[in-house]
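Two complexes follow with chain A in common, the first pairing it with chain B and the second with chain C.
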Partner chain A sequence: MKKIIKYIFLLLITAIFLFPVVFMIACSFMSSSQISEMLDFANGEYKNLNMIPEMFSLEQFYQVFFRRPEYLLKFWNSVIVTFPTVIGQVVVSSLAAFAFAKLKFPFRDKLFFAYIVLLILPLQVTLVPNYIILDNMDLLNNFLAIILPGTFSAFGICLLRQSIKYIPDSSIEAARIDGASYFKIFTRIILPQIKSGLVTLTLLCFIDNWNVVEQPLIYFDNSTMYPLSIMMSEIGNSDYGIIFACGVMFMIPALIIYFYGHRDIDLSFSDSEK
Partner chain B sequence: MKQDKFKRIVIKFGIVFFIVMLFLTYFSKTIDNLLLPKVKISDVMTGSLSEYPDTMHTHYLLPLSSVISSEEVYVINTLENGDITVSSVSVNICGSDDLYYEVTSDFLFSDMQVVYMTSKEISDGDRVYIEEGE
Partner chain C sequence: MTRKRKDYFTAFLFILPSLIGIAIFYIVPYIICFIKSLYIGQNFVGLTNYIQLFSNNTFLLALKNTAVFTVIAIPLLMVISFLLALFLNSFEKISSFFSSSFLIPVVVPIASLICVWQVVFDDYGAVNGLLNTLEFYTVEFFSSEFSMVMIIFIYVWKYCGFCVILFTAGLANVPKSLYESARLDGANSFQLVTKVTIPMITPTVFFVFLMEIIYSFKIFREVFALFGDYPNENVYFLQNFINNNYYNLNYPRLSSASIILSLFIIIVLLVFFIFERKHSVSE
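The block that comes next holds the complex of A and B.
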């Protein structure tokens, strides 16, 4: 009996978390007239809020993919901002984390403490200093304004340092005795053992940058450079229907990365539990 | 083994997704225009076919094929977002020759353009693609 109650409770929680996604997918297959009728907010409530399309329609997708190519361009802006940041952060973080975890150099722990402080600082605190630095470097209105600060984020270093710390020093020492360079140790011993950490970092970094809103608004004057995440909040003002189709399009790359690495991510969390 | 297969499927899906997105980004307008009815248009001309024109009303000369059976013509509207649509305007036919109808209408003006040929059936408010006339 207890088990059944537990499963019902879990199912309810799952349903609550999945509802927005299912609702978005269902609405993306509705006609624009049904959506505007449904989302007509009057007298403090929505009229006819339902999840089943009256008539299955691909009108919203047609609008996004064929009639409004600006949304596709925004999608590519998101790709341009996100992918280099993710690749850069994974490379920089793994190298830095290796140094912080396994190499001995002066002020190592104090420097790492400074990194932790950076991690604790809210994004809004560093926005203005970043703006001034980027302005001096003449990088405003350039995608590098988002890519560079993202690449050198402290979060990835802290995450991967924890994974690397659990690798025994003896294996590194053995490799050193055999004449392996630090780079070889990093590529042959460290990287294969922190694969799940790398996948986790990739996914978290991807989601963080894919959903970026504040930085483009501040660093870009030209709205054609805005990623889709910003346009998603603006679409609602003009056309409710398109937002759902855009949402589905926006969700797919994150899902692809999650499905690719979900076993590794689950493994990293279950390992940390042990 | 099963997991590797799943990963391969995910990678393939990802590659296909991005290729499709790239294709759509480059060709979305082209595909959209291909799906629209293609129309040929002509400027609305003022004039009369008779020797003694009626000076009370403005008379217009429209190509024969532009006037549909219900004494209506489709005129071109360009919307703010750049979309081109058609709207029907009723006309009164006063006369005709081998090329033109002479019409009067309260809703027709000399700066308008009328549709005289279309690749598909069109109705009021439809979006269209204007083909270059001969």
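The block that comes next holds the complex of A and C.
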């Protein structure tokens, strides 16, 4: 009996988390008239959250793919901005995280603290000075203007340092005694053991850059370079139908990475059973 | 001695790539920002910008709202996600479907969710429909002090699952034998949590706290999407203040506000960092 209540509670929580996605997917298959009826706030009636399309319609996806190819172009811009950033950040941060977690050197903790401070500085603080530097490096109106600062975010270092800290020192010392170099220890011992950390970082870094809004607005003069995330906020109130279809399309890469990697994130659950 | 120096050098090589990037894209900009905060135009004015800032009513309002949000939302999120993590951990085996769906709120793009929140929180939206059926008054989520409640709700909803996953990862690293020996010593389940679990996962708590602070700044994207540049006075945060000064490129005010915000964060972090080093079991 207790078990059933626990499962009901679990289902309830899950439903709360899943609700908006289900809602979005449902809306993306609705006809645009049904959506505008549902989202019309002016008529003074209570809104019904309709989860079931009155009529299954692919109209909005048709619009996005065939009528308005600019959305696919923006989608590609998002890809160009996001993937190099993610790869760069994973490589750079795993190297540094290893040093911060397991190697000893002067000022280690102080330097790490400086990293944390830099990490949590709000974006608005660094945006203007960053602009000046990118301007001097002649990188404005170049996708590198977003990719490079993103690559060196301290976020990955903090995350991976956390995973590496849990690896026992003894295994590293043993490898040292056997004469392995630190680089070998890094590739052979550390990396295989922080797989879940790496997957988590990839996912979070991907999401963060996938949602990028502020930087392109400032660094790019040409709106053809804007990623889809900006377009989505700019479509505005007029075209809810397209927002839902774009939103679903926009979500898919993140969901693919997530479902491909979620087994590793979930390792935490299976570990505790031992 | 030489061996030690060689080790330092190796460690340095590992950090070098990130150090170069961080220096160019973060440290130098930060210094530029600080210098700008001491000037008005070309004239060096010392701390005048800071003093002016504290007599600016909009800034004080933004400061107050940010403080209220931080003090309520961050501990709330921490407690809820910790309890949920304990709850998940109490299952012998759990379908990965549940844990997967916990990260969904973070995955979904912000812009597309705005419509959903409007349907839920509008004056004639789902929540008010429910409240009116239960014979409560209509709550104006978009134009009263309940805006803050709505923003806190969205923040907790969005990052709760993420924190739960972080906590469960930490909980998985606590050896089962510790619980068993504590139970043999006659500890009840409340004591198990406070005396065994929490001390063992201090590094995780620290990390979750850090993430929560970082993400509390990103709530600005939601506020911006829901309210635009000038939200009502209950949800006018420091980030709104910085952003609005950013539009009219008021560098002195912009940079001094950023420096104050950073100083505030540094102090909070310093306290927590010292705390972590004292209590961390893994070191």
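Basically, the second predicted complex is superposed on the first by the 243 of 274 C-alpha atoms of A that agree within 3 Å, B and C clash if a C-alpha of one lies under 4 Å from a C-alpha of the other, contacts with A are read in each partner's own complex, and residues count from 1 in each chain.
Convention: a residue touches a chain if its C-beta (ideal position, glycine included) is under 8 Å from a C-beta of that chain, and two chains touch if they have at least 3 such contacts.
A quick note: this is a predicted structure, and the numbers were derived from the prediction, not measured.
S.K.: Mind checking the superposed model to see whether chain B and chain C fit together on chain A or clash?
M.R.: Overlaying the two structures gives chain B and chain C room side by side.
S.K.: Check the residue A:259 against both partner chains and state whether it touches chain B (first), chain C (second), both, or neither.
M.R.: both
S.K.: Between chain B (first) and chain C (second), which, if any, makes contact with A:120: first, second, both or neither?
M.R.: The second partner, chain C, only.
S.K.: More residues of chain A are touched by which chain, chain B or chain C?
M.R.: C
S.K.: Check whether A:179 is in contact with chain B, with chain C, with both or with neither, and answer first, second, both or neither.
M.R.: Touch status of A:179: no partner.
S.K.: After superposing on chain A, what angle in degrees do the C-alpha centres of chain B and chain C form at the C-alpha centre of chain A, to the nearest 10?
M.R.: 130
S.K.: So, A:23: does it touch chain B (first), chain C (second), both, or neither?
M.R.: second
S.K.: According to the stated criteria, A:192 is in contact with first (chain B), second (chain C), both, or neither; which is it?
M.R.: neither
S.K.: Quick one: minimum Cα-Cα distance, chain B versus chain C, in the superposed arrangement, integer Å.
M.R.: 10
S.K.: For chain A, what residues appear in both contact lists, the one with chain B and the one with chain C?
M.R.: Dual-contact residues (chain A): 259, 263.
S.K.: Okay, in this complex, where on chain C does chain A touch?
M.R.: Against chain A, chain C makes touches at 7-8, 10-12, 14-15, 17-19, 21-22, 24-30, 32-33, 84, 87-94, 96-113, 115-116, 118-120, 122-126, 128-129, 132, 157, 160-161, 165, 168-169, 171-173, 176, 203-204, 207, 210, 213-214, 217, 220-221, 225, 239, 242-243, 246, 251, 254-255, 258, 261-262, 265-266, 269-270, 273, 277, 282.
S.K.: So in the complex, which bits of chain B are touching chain A?
M.R.: 3, 6-7, 10-11, 13-14, 17-18, 21, 24-25, 28-29, 31-32, 35
S.K.: Which residues, counting only chain A, touch chain C once they are in their complex?
M.R.: 6, 9-10, 13-14, 16-18, 20-21, 23-24, 27, 38-39, 41, 44-47, 49, 91-93, 95-96, 98-100, 103-106, 108-109, 111, 113, 115-130, 132-133, 148-149, 151-152, 154-155, 157-159, 162, 165-166, 182, 186, 196, 203-204, 207, 210-211, 213, 229, 232-233, 240, 243-244, 246-248, 250-251, 254-255, 258-259, 262-263, 265-269, 271-274
S.K.: Which chain A residues qualify as touching chain B in the complex?
M.R.: So the residues of chain A touching chain B come out as 65-67, 69, 72-73, 75-76, 79, 249, 252-253, 256, 259-260, 263.
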